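Labels A, B, C, D and E are assigned to the chains in the order they are written; within every chain, residues are numbered from 1.
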Amino acid sequence: MNRVVVGNYYLPGEIIKDIKSKDRETIIGPGLCRCEEDANCLVASQAGYLCFRSPNTYWLESRNNRYVPKKTDLVVGIITKKSGDTLRVDLGSAESASLSMLAFEGATKKIKPDVNIGDIVYAKVLNAHKEMEPELVCIDQYYKAGRLGVLPNNGFLINTNQKLTQMLLNAENPLLRTLGRQFPYEIVVGVNGKIWFRANQTKEMLTLCKMFEEAKNQSDQVITNICRQLK
Amino acid sequence: MEVDTLKEENNIDRLKCDLGLLSRPDGSALFTEGQTVVLAALYGPVEVKMQKVLVEKASIECIYKPKAGFPCVQDRFKESFIKNICETSLAVSLYPRSTILVNIQEMQNHGQLLSCAINAACMACLDSGIDMKFLFGSVSCFLMKDGELSLIPPVNESSIKGMFVFVFNNTKGEVIASHTEGLFTAEQYHDALEGGRQMGVAAYVKRGTRSPFVCHLSLSERRGGTRRHDNDMLLPLRPELGDHPGYRAMFF
Amino acid sequence: MAAIRKTIISNCEKTFLMKNLSEWNRLDGRSFTEFRDINIVFGKDWGCCKVSLGKTEVIAQVSCELQQTKSSRPNEGMLNINLELNTMADPSFDASRQSDLSSQLNRLLEKCIKDSKAVDLESLCIKMNERAWSLRVDINVLNNEGNILDCASVAAITALSHFRRPDVTCDGVEYKIHSIKQRDPIPTVIHHYPVCISYAILNEGEYILADPTLLEEGVAEAFLTIGLNSYKELCGLHLGGNARLATKDILETSSKAAKRATELVAIIKNAVEKDTQDRLKLNDIGFHIMPIQEKIEKSTAELSICLDQWTLSKKGKKKKSKNEPMDVDPINENNSDVQQCKETITPLGNGTAKLSEVKGENEWAIVESDEEAEVIFVEPPKADTVSISDSNSEEEQVVVLNPQRLKKSPSKRKKNRI
Amino acid sequence: MAEQYKTLHSAKYYRDYLKNDIRPDCRQLSAFRPVIINVDSIKTADGSAIVKIGRTTVVCGIKAEICRPKPETPRQGFLVPNVDLPPLCSSKFKSGPPSDQAQVLTQIIADILENSRCINLEQLCIFPDKIAWCLYADIICLDYDGSLIDACALALISCLKVVTLPEVEYDPGLDKQQVNLEKRSPLNISCTFVATTFAIFDDKLILSDPSSEEENLSAGTLTVVTSDEELCYMHKPGGSPLNEEQITKFISICFFKLSVILRNIATY
Amino acid sequence: MPIDHKRINGPEESVPYELFARLSGITSEKTFEETQSANIRTDGRKFDEQRKIFLKNGVVSQAKGSAYMEMGQTKVMVSVFDPREIPNRSDYSLKGEIYCEFKFAPFSCPKRRLHQQDNEEKQYSSIMKKALESTVCLHELPNFQVDIYALVLHNDGSALSAAINAAGVALAEAGVPIYDIVASVTVGVQQGINFLDPTLSEEQMCQTQLTTEKFPNPNHAVVIISKLPMQQQLCQFHQTGYMSLDQLKSALELLTKTCETIVPLVQKCLLSLVTNSIKP
């Protein structure tokens, strides 16, 4: 059917033929699955553009509206429930994640972090398996919080799509930098499509709000162009 | 067979699709086929109810709402039909212990409602970015009293002898689902199937001659996508955000 | 069937919303009394319309059926309004069960449209004690971004005024329903156009927000829903939740709502009129010719405005502040004082009341029907500073800032650049 | 041991059998289960039939009542089929309003009835716009063991063939009707439809007349309804994709089965 | 008829055609008079004679235990399912529970029954539950519920008794621990005559009071009892109508005697169940 062309647009069920593989091994990312009939083929399972990284990694860049937790993802979530030593965190995924009270920097059995229902946390996905509920931590392997933890309540949270967050996380994207020249602000972007930010002025926060709303439907290219004009 | 009535071009023109016009659902599509309009919206995978947990796959719920009156037995039939099709074509095993909600709303009915609803459901799935085994497309074929077949609902309803609804997949153009009305012979069924497949393959599923709505999707994707031709590298991080894997973990 | 737990509103969303309100601003840039844009699209069938209020969308369809008349009302037809909260609109809605919210909304709609006798039910009767038309309005919510009720009430009355029922003749014994092709269908007689106008009340009655969004609804303490028609007649008023709301606030809000109602009814009438014209010209009408939205291209300008804050504030300066928040300015306060005590609500038969503006009265006065002539209808005094201009809609969409703060902004900007 | 194996690895258990072209109930892959039809054993109904296909048992009873025709169709009576899957027939079903499956089945049976045009509803009209028959056909499943559409359709058609209605005299002047219970006459049924269900196992094996276990394990079903020389329903609700040759094969099997069933029906 | 959105609906209103039939002139009085004078019942039975009984177990393959019983024209089907945890309950109960659902098929009676359970069916369900509660060893099924469903296909009198008898067999087949076989019999009383195992028309006759001038004896009743025959215990007693204590005594004697005759039938049925399971 279709020979493999990087950058081509594929629809679910379409077969991608003649893939490059190293030692007969191919690493496939989201949006693709193995073709059962032919080992040298892949089948698209989402609609998107084929991407390739040498030597043997393929994935489809597609839109994905509902977040599915993946291990080591950095996410922003809302505490929905407190039961004993565990917190339930809503990530916008199918199942709410669990976060132990002890998984904060400096937390012990006696000293527990001050977390309330409705608070926002920036956390890392420790475990994500489709058969199990996802597990979050707010510390790294050295028991340090780094930038993880409970986010202050004087910010604001918006829900957008994962496309936007991916774009914002790309260091080359000038959007946040351009904005940073206007006024100082603090931002946390979770890969799950939730963005937390705060600025000194309410007005500035509103600007951020509106900007994300507008940027949601724009492509990389458009945004870069606009930013360039404003330089 | 006499496929004069099965001309592709004018049929494709009758199709129109608009994606993502609702803000709440994960995926939505407004599908127009002639003068029939159906809106579909998909949420998923989302939290599952205790009674409906399936350990090895996602449970699919389909809700069909007629535009007037209470939902009746006939609508329940449509729900179950679309639900079964979705179960076949979505990669349900990737989302165990969750629910995929497919909502269908009739907006305007001027014939071939069922196939329009099925197409809308497919486009909503596509829009949501949920993993699918294959796409599906549905075609309604009308059998006239004089034995002719038509893909367009005839003006005069009394001249219809039978009606076929086929659902094809886009991998091999096989029949996933079939529903019929009226009396017909085995030959007529085959002719309709063949005609429907020609149309279906041309309009919905086959690459190259993708129908306008699929093109529309790819177009909007192309404009809005985060694709980068020049740089295959994984996206590095914003320095102020710490050691983030950048692009989401993509290796299973 | 499906009921997914409602997503919780985070503390920081609440805090910021309140903080923002304390500066007389709303998240989407509207002023407190501003409503989202309303848009009406008609379907191909009679009595079918899709109404969107901002991003909230509903579809309404009127259907009719010949039925036996009710013995209690032998010379009237029937009207049923049914609002369905679909899972499509919000996954936390349960399709299979009647929720409290759904029955409340249905009741309010019924109060507003059915009990206010907006539809002439007597004209629906074909033969007394025998047959009458039973009308049914089905409203399906497609997308819930807050304030379903306003959207649904507009959809319901629009669909009813757009609807045409087939003609029926009776030869004494047998009833014959003529199809639309045989005989021209008959429109429904609508006495007046009542619409619901909702407000969210926050911070113990301090903030009253018109047309609340989903987030505002989630944070709100109470809701004030006012059913009104274009004649400033009250068709139901409902205050839900718990908030200490002063009587004067209700009256003040009602008078604002009355203005909005007049606007809305004009929009509805225009839309129906335009549709009728289009149909006369035999234009193709329906959802199938709705243009595919080009959402991508439309708003690059908006984005650049956002990014360049300076541009935004400059614009705001030029426009001067049209929608000035009411309490900051001392002059405004005086004005509102004058304005607020001019309404009296007159009960007008069953389920209907008249909201008229009477000088010097600020209580719910029951006026006898023969005294009605004494009720003085006063046009609201046009206070230059407070008036919400409806002349130029473009202007309204612009985020308007306080003059005080605008003055400060240049210095702030400098700071940012450092 | 076999019992445990069956419950633990039911799919594999079946695959082992099917590899040898035989099913666990000793049937060939394309073999049908024996069909038993018993008519008119319930005297309170105006017509009744009990159908057994293997262990699947379905009873259909028709009760006639008198009503007024709809204003839109003044010359037609009513035939109201309803399928009930009571909790009695399987642990799958709970008491209360009809399950989704029962509703879908009801719609399928109603569709088949309408498509086949086996009964002209005008014969159920006694006097236009005044009085007509309403036949309530209640189909109740007593034992749920697969191929329910086949059983329900067969029960309905067998039942329709034995229904007798009493003679009614209507006097339009007085608007009075008189029923003569002694004189009863049968309905005019123009054709006989027979439904045949197939299950698709592992995407390629075709099992005729599947039991409920086989239906659960299979990846989709296909129901073909034949009516005399023609087809009146091809129902495939999702499941494994099929190509054309497979469908052709099904249709030919169905016509063969139709002839067998017709002979069966002819005996009563 | 209220519109049921989960079924196909017929016209808004329909009536049984029997209402318009030429009056046959048969009244309860006439029937009784004839029966009394002939000293034999309309179907040729003696007053204390039962109808023929047909009993079969294992009729529903999907159920754990099931039985089908015919008493003359009356046809009843009962199935019993695996005990399951008591639904919608948070606390633990030491005793098990029984859930009974008794239903007439829509076409089983002279007048069409509706799909929803009506009051009569609900009452029968609770009588059946009472009879079976004292039969099943509930203490052996802590926190479990046994579901029993009865469906009447054809009602020609004594349907409840038939259902209880069949339920006993089905319970035994399902392996639910029971104290004893349960046997149930119905008797109709009119004047001084006991109609054992009444048909539907006899049941109706026994439920009406005849004109007092002609028939001075006011007795008219229907009595249903269930017994555990080995234990010699009455596990359920239900009576409707009016009857003197003397009449009750005679009726009870007749009922007790008849209960005993049902036992061997049930035993035979259960024995065949065991022998069949032993055979390869």
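Methods note: contacts are C-beta pairs under 8 Å (C-beta built on N, C-alpha and C of every residue); 3 or more make two chains touch, one makes a residue touch a chain.
Chains and their UniProt names: A = Ribosomal RNA-processing protein 40; B, E = Exoribonuclease phosphorolytic domain-containing protein; C = Exosome complex component RRP45; D = Ribosomal RNA-processing protein 43.
Please read all numbers here as calculations on a predicted model, not as lab measurements.
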For chain D, the least number of touch steps when starting out from chain A: 2
Chain pair with the higher count of C-beta pairs in contact (A-B, B-D): A-B
Chain nearest the overall Cα centroid: B
Per Cα centroids, the chain farthest from chain A: E
Distance between chain centroids, defined by C-alpha means - chain A, chain C (Å): 38
Inter-chain centre distance, chain A versus chain E - centres from mean C-alpha coordinates, in Å: 65
Geometric centre distance via CA averages, chain E-chain B, whole Å: 53
Per-residue overlap in chain E, given as positions that touch at least 2 other chains: 6-8
Residues of chain D touching at least two other chains: 103, 106-107, 110
Overlap residues in chain C, where contacts from two or more other chains coincide: 296
Touching pairs among all chains present in the structure: A-B, A-C, B-C, B-D, B-E, C-D, D-E
Interfacial residue positions of chain D with respect to chain B in the complex: 100-101, 103-104, 106-108, 110-111, 114-117, 220, 222, 227, 229-244, 247-248, 251
Complex contacts: residues of chain C adjacent to chain A: 7-16, 19-20, 23, 25, 27, 29, 295-296, 299-300, 302-304, 306-310, 312, 399, 401, 405, 412-413, 416-417
In the complex, chain B residues that touch chain C: 16-18, 21-25, 30, 32, 34-37, 39, 41, 43, 46-47, 49, 61, 63, 65, 67-69, 99, 101, 103, 105, 107-108, 110, 216, 220, 223-224
Interfacial residue positions of chain E with respect to chain D in the complex: 4, 6-11, 13-22, 59-63, 73, 75, 77-79, 81-82, 101, 103, 105-110, 112, 115, 147, 149-151, 153-156
Residue ranges of chain B in contact with chain E within the complex: 70-73, 76
